[in-house]
Amino acid sequence: MIIHFSKDVPANLLEKYCDDNFARSFVDLNYIVVVTGSKIREVTDNLKKFVLEQFEFDSDLQLGSLDYRSKIGIQLTSVEINNLNTVLCYGPCSVESRDQIMKVAEKISELGLTTIRGGCYKPRTSPYSFAGLEKEGLELLSEVRSKYGLKVITEVRDVSHVTEVIESADIVQIGTKAMYNWDLLSACGEARKPVLLKRGFGSTLQEFVQAAEFILVKGNSDVILCERGIRTFEDKTRFTLDLGGVAFLKRHTNLPVFVDPSHGMGHSYGVPDLARAAAAMGVEGILIEVHPNPELALSDAAQQIDLVGLESLTNRLKKVCSAVDRQVI
Amino acid sequence: MIIHFSKDVPANLLEKYCDDNFARSFVDLNYIVVVTGSKIREVTDNLKKFVLEQFEFDSDLQLGSLDYRSKIGIQLTSVEINNLNTVLCYGPCSVESRDQIMKVAEKISELGLTTIRGGCYKPRTSPYSFAGLEKEGLELLSEVRSKYGLKVITEVRDVSHVTEVIESADIVQIGTKAMYNWDLLSACGEARKPVLLKRGFGSTLQEFVQAAEFILVKGNSDVILCERGIRTFEDKTRFTLDLGGVAFLKRHTNLPVFVDPSHGMGHSYGVPDLARAAAAMGVEGILIEVHPNPELALSDAAQQIDLVGLESLTNRLKKVCSAVDRQVI
Amino acid sequence: MIIHFSKDVPANLLEKYCDDNFARSFVDLNYIVVVTGSKIREVTDNLKKFVLEQFEFDSDLQLGSLDYRSKIGIQLTSVEINNLNTVLCYGPCSVESRDQIMKVAEKISELGLTTIRGGCYKPRTSPYSFAGLEKEGLELLSEVRSKYGLKVITEVRDVSHVTEVIESADIVQIGTKAMYNWDLLSACGEARKPVLLKRGFGSTLQEFVQAAEFILVKGNSDVILCERGIRTFEDKTRFTLDLGGVAFLKRHTNLPVFVDPSHGMGHSYGVPDLARAAAAMGVEGILIEVHPNPELALSDAAQQIDLVGLESLTNRLKKVCSAVDRQVI
Amino acid sequence: MIIHFSKDVPANLLEKYCDDNFARSFVDLNYIVVVTGSKIREVTDNLKKFVLEQFEFDSDLQLGSLDYRSKIGIQLTSVEINNLNTVLCYGPCSVESRDQIMKVAEKISELGLTTIRGGCYKPRTSPYSFAGLEKEGLELLSEVRSKYGLKVITEVRDVSHVTEVIESADIVQIGTKAMYNWDLLSACGEARKPVLLKRGFGSTLQEFVQAAEFILVKGNSDVILCERGIRTFEDKTRFTLDLGGVAFLKRHTNLPVFVDPSHGMGHSYGVPDLARAAAAMGVEGILIEVHPNPELALSDAAQQIDLVGLESLTNRLKKVCSAVDRQVI
């Protein structure tokens, strides 16, 4: 249950109520927002007169629910992420060198697009692999932003470097393996930056939207949900991109939805197919891994597409987006 | 390995070779086609001089492989299923009454489309459910064909009624639960009718394309592969539509690919989203469950869309198909 | 709902009731058993006076439910499958030759066991593989029965050879890929032989127990449920043996439960581990693939264990079964 | 590749080698251990003379591999975890009150067992649920240790409280949702306490053993691997306990293996079944959730068993363990 309390509610009463009910709260412009588990439907008598509005839900998808508020855009200085646009977010899996990231940035700029993505702190499944350029990578991304005026999406792996990443990024990405990292979700909730939250590959849609609640309940409403493939028995593709899940998210949440076809597919040949599929569904953004020289990539070599392929893909995506009344940005 | 033998190959030698190698064969226009497991790479010496051509493969995707022959269309009297078209196949889960099926047929006809689908022998997971109108349903579909000139797709459940269905249908559908039914695959291989083979919901892509081989090796090359969702841990959707799998099938097989978003989603609200996604991928056909009155449907009530929704969906699909250079038929 | 009707119920009224409600029926010793879907809870007025007893259920697990009747044994001439015994069913994946099957039978006999298993009609995922010795294999199994007095379990692939298999077997096995084959389930239901039904590897437990209902509702109550592994994302094992599912089946059904650790594991090294696990759960039987020379096996070579390993495994299984108050037979 | 270097290897050369090859290292008693990715098979020339021993592997299961060293026990003052024992670890999901935890501890003590488990920092999937007693809980566990002499297993959720938990616990548990949390794995690697690492429910066995490498490569070799169920399509059980995976871990790793049947099953009725299965496989430990009053539990109410059930379960587990030559501790 979400409750909007008038700001003159006595702090000690509210705190007790929250403690007793495992509820969380944050201060909004005009009221205090308190959220309890969805099974709780009653405010205690001593608080009733301070209640401005009250919303009940069937599950703990609450602040992010379309039944709570309608979809609103996310403003990034010049760009707005909303239901008229599809943001194409291209960039390498890992930032590897100035030359590499600048070539990609230049191409993105030529194509008239606004955003670049690239990882600096890579969460790996083996400790014996390349783990990103870390701070050096963040600096290269800052250069890219200055030189080409692109918005930067980059990933935070764990809390050890969350401050640096939040400072350097226009959109902070929480990766699939960190979706349950409560510390990290809270730190991103407290920052006043948009957060792109990737679905855990072993997570249900319900758990995914509940992970967003950990951010939202800190008062940060700029959360983007990103579907990137789940784990199934099929082994011809790296993961199984769950576009039925995207339909669910569009129907039930008030948050922008992005799709990452690169990780779902795991093979560059199918990425354009799945990117067009996502575009036709009408999503707010698509993340695609791009490398000037994919076979030399230090991570995810098989799934990155090259700069030539990128141009024809972009032209086709423009047509598909247009068929569903959206504009590519 | 596929071998094309000259027709003067001695029958007894060929038979022995097939027996020794668990190989299968059929007679084509200009040669005899023999297929062994992919690990066998040698013809016995006494047969070598009769070999016209020989093809090797990495797996038992052979007759259906794009490395064997390029994609060819399937001709259905007036309609051709090929890479310039997307066949929209609408119709109820089950044929339930003359009134029901005629209303749907009329709408399809109004929309300028060519094909109708509807089940008469329903494979159910409980013996205590409606199992289809059986012969009476087939007769209603024949009426529809006469009256509206539509092509008919209908499903065969098992071998007990395979002859009747093959006679009544323009395209015979083998459902997801029958994908491993060797008898049924063989019977459909021997018939000279196009076969729409649905992927088993617990089957890998490799098993799916190998199931098609059971039909192809009987000499029937008109096989359509239909992705309809696989079973995963996600429970907000009925199955998980595997569009990454569709990308794989397009890339590796020479067979037309259809998509069934209705069963994958299981909820009518997401069917248009997934249908647009499939269309944007560039597939040869899309199967959508339609009912004049979904809430009264005797099977799959939650996922069927009504005739009003159908019209706006069709208009949107025309635009999306056009964006990928295909025409809706 | 299961209804026991007195035998003097008018046939025409009963038939109409069954037609109207998609109900199935069979004649038992003292009454007529009618089963409707579980949502139907009412008999029509004109039939009420013929009702002897009525049972309601939450799902279509009905005839097989522990809420309908308690567990009863299955009698096989000298052997009884019941809750005091665990039947160890050893034998090759495929019967390949007289020498092979006789060696295995001799060892089983030496170990004091009662049962042998071996496939003659193999359901394969590629048409280009060994598909079993068929009739010749059945004859070899008959020889084994005569010579060693062992009970024979062998598999039926599809309806084309169901009569021969039913005649030759003491227990007819329906394999994992045939679990949804309605024709086959019905044919086995009509036969008066025990049926071992394997769970489809893509099937839920609910669908599994409902598949048994297709057999039970033909009046054949001798159905054994066999867990053999489901398909998951894990690829170090061939399937994932679902022993939690076995706990469910023991708790909710009135049917004997067998476990097949060989297919679940897919590697011989883990088969003894999983066999002991199954034994400790207290199941009525365990199926293990055994070959005198596993590396030469024509199917499932990796998972069969040899005759030496079999002896030490059997000794250990005796101890584990004894720890849960069961005797190995 | 694992390389044991003599301690007189020049630090600057070693550091460069590690940087160039994404290698990790730690100092052992008699040598320096360096680990590279498994694809690297060569030491640079300038380092060759300092190599004492070198081990190659097929994958990044290296320090934990049975090909590197044989299984060794973990010493906990009076108790040793090894292949002659099975540690029964009982306790509540969450420590909720002094009364609750003391009742459980008393029963464990009565049964002659040595270890208790209980969570204080609970990782939840919704922010609006009970999240544990935190420090207060740790203090209660310390009381239990003093009073009953039991070893304490408790969970760390994220790095914010890792120091407190490490100090209070005899074995630190990393939960299923934290398996990819690099920070946390490293912090536990640096601590000199045994670590119980639970498998991520969406993680492959390969990823699971690689997660252990993050701890091992910090020089902490006391890592216990705990299977607790993976996510599959089956919904009658909470997860699917992967005992085939346990067979794999026993065969390929040098680390003790524990099994948690409570989370795999999710229903108390099946926990004894799966506990016996695990015991019969011959594992080093079994974790079972126990509550004096399960229906009042603040988390995981459905799967906890009561103190009466615990006694009969323990007696049966003693017999099963004895059948596989292990002793319950």
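Per-chain residue numbering starts at 1, and chain names A, B, C and D are given in the order in which the chains are listed.
Everything below uses one rule, namely that a residue touches a chain if its C-beta (ideal position, glycine included) is under 8 Å from a C-beta of that chain, and two chains touch if they have at least 3 such contacts.
Quick caveat, the model's predicted, so the values are computed rather than measured.
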| item | value |
| --- | --- |
| For chain A and chain B, chains touching each | C, D |
| Pair joined by more contacting C-beta pairs (B-C or B-D) | B-C |
| Centre-to-centre distance between chain D and chain B (centres being mean Cα positions), rounded to whole Å | 48 |
| Chain B-chain C separation of Cα centroids, rounded to whole Å | 32 |
| Touching two or more other chains - residues of chain B | 202, 206, 231-233, 235 |
| Residue ranges of chain A in contact with chain D within the complex | 22-24, 35-38, 60, 62, 123, 125-131, 157-160, 177-178, 180-184, 200-203, 206-207, 210-211, 213-214, 217, 231 |
| Complex interface listing, chain C residues touching chain A | 231-233, 235 |
| Residue ranges of chain B in contact with chain A within the complex | 202, 204-206, 229-230, 232-237, 239-248, 250-251, 264-265, 269-270, 273-274, 276-282, 316, 319-320, 322-324 |
